[in-house]
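What follows is a short report on a single structure.
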Amino acid sequence: MTTRVTDAPLDLAPLLAETEDDACGALVIFSGTVRNTNEGRPVSGMTYDAHVALAERVLAEIEAEALARFAVRHCRIVHRIGALALGDVSIYIVVRAAHRAEAFDAARYAIDQVKARAPIWKEEHYTDGASRYLDGTPLRAPSPEADAR
Amino acid sequence: MTTRVTDAPLDLAPLLAETEDDACGALVIFSGTVRNTNEGRPVSGMTYDAHVALAERVLAEIEAEALARFAVRHCRIVHRIGALALGDVSIYIVVRAAHRAEAFDAARYAIDQVKARAPIWKEEHYTDGASRYLDGTPLRAPSPEADAR
Amino acid sequence: MHIRVTFYGRLKQDTGTRQAALELPGDRATVRDAVEAALKAYPTLAAHLDTLACSVGAALADPGTPIRDGDEIGFLPPVSGG
Amino acid sequence: MHIRVTFYGRLKQDTGTRQAALELPGDRATVRDAVEAALKAYPTLAAHLDTLACSVGAALADPGTPIRDGDEIGFLPPVSGG
């Protein structure tokens, strides 16, 4: 089974290799990295928590939605959890399409959806030793109407 | 001097290394690759010609414009020329910013500008042995008014 | 009925607990019943009820979703991944 | 005045030439004069004049841009990089 959520450092090369496709002229990659400040406070690192089984499902769903909504041929998402240092990569999104506009749109869709829907939580650590969980987006269960569609 | 136009295969790793920056939380990479069809014709490869000295200047200008117009901290562009096979990478654009929206916008700006302004030409080779130069965008010299601003 | 509840993100911090076993009366229950039982055991959850979501196993669940003996109920605060 | 002209992209194909030496009369000239001289030597350029751009050295140039002995004038058809 493809792993999308892992506590190991993320590696871009295998994502590029598994999506290689001569029918694609455009590749867009998004990556999130741990930033050294947030709202003016100096940050020393970040701990990511996740509901791994549900997050795996949600990331796979977002990949499938990107393929269904945009003219793209590949969308792969991997997210790291656990303790990350400054500069560490927390997420890679790799999109390949025939043309660039669709690749950009799909990558943007994917990261926006990950932030809104993936059951993943950031705890920010500060250089003064304090830490806090970041505010986020409340999850909603899919409505029965949506299921029936 | 930084090289932005080369006939050697492009390598992403040094671009990522030279733009590493803890102040950035978002990385967007665009890459163009040689596609196996165009307008329904099977393609076997692509030859890129360039006015190298002018192209180096134009790519550096586009990098600087991306930094000036968007809240991004790094923009690097490299373009390959010469004979490329299917799937080969013709261009990498690497953008790093504090936040993702600006990184996406700047990467998109950069590739749009490269296509409109860089003195680079594609000759497409087809599997039947034919080839043709692709239609493109006429260049315009910067107007004296623009220079005076 | 025995269930397990798992607290994620700041709920783990606020309850001081990653996972706990709870007992629900009777043999029919819903996610709503699990939340009420967890609230009794972990009163600090009260501050999070407005933005709480729940999972049953590997799926998001509504308050009315039925649960069975042995289910694992996830308590999910607002998400902030990426 | 001696100049060099360089043909890029499809202009290289249409003229059959990458680079050529041209002689311009007198010691004052502009890009326009270089284009006229190139057109005499390579009549197939006529089809491309509407969309032609020129460079002098490593800079884009207007038709009125002055050129000097030894300059290299680039003949640039519409671009298609990326």
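A few remarks follow.
We call the chains A, B, C and D, going by the order they appear; numbering starts again at 1 in every chain.
Rule of thumb we're sticking to: a contact is a pair of C-beta atoms (placed from the backbone, for glycine too) under 8 Å apart; a residue touches a chain by one contact, two chains touch by 3 or more.
Nothing here was measured: the structure is a model prediction, and the numbers come from that model.
Hopping across touching chains, the smallest step count from chain A to chain C is 1. Our note on geometry: chain B versus chain D, Cα centroid distance of 25 Å, whole angstroms.
Each chain gets one centre point, the mean of its Cα atoms, and the points for chain B and chain C are 50 Å apart. For this pair, chain C with chain D, the centres built from the Cα atoms lie 75 Å apart. Annotation for chain A: residues touching 2 or more other chains are 32, 111. Pairs of chains meeting the touch criterion are A-B, A-C, B-D.
By the touch rule above, chain C contacts chain A in their complex via residues 6, 8-10, 12-13, 51-55, 57-62, 65, 74, 76-82. On the side of chain B, the complex with chain A involves touching residues 12, 20-37, 86-87, 98, 100, 103-104, 107-108, 111.
Within the complex, the chain A residues that touch chain C are 32, 48-51, 53-57, 79, 90-91, 111, 114-123, 133-142.
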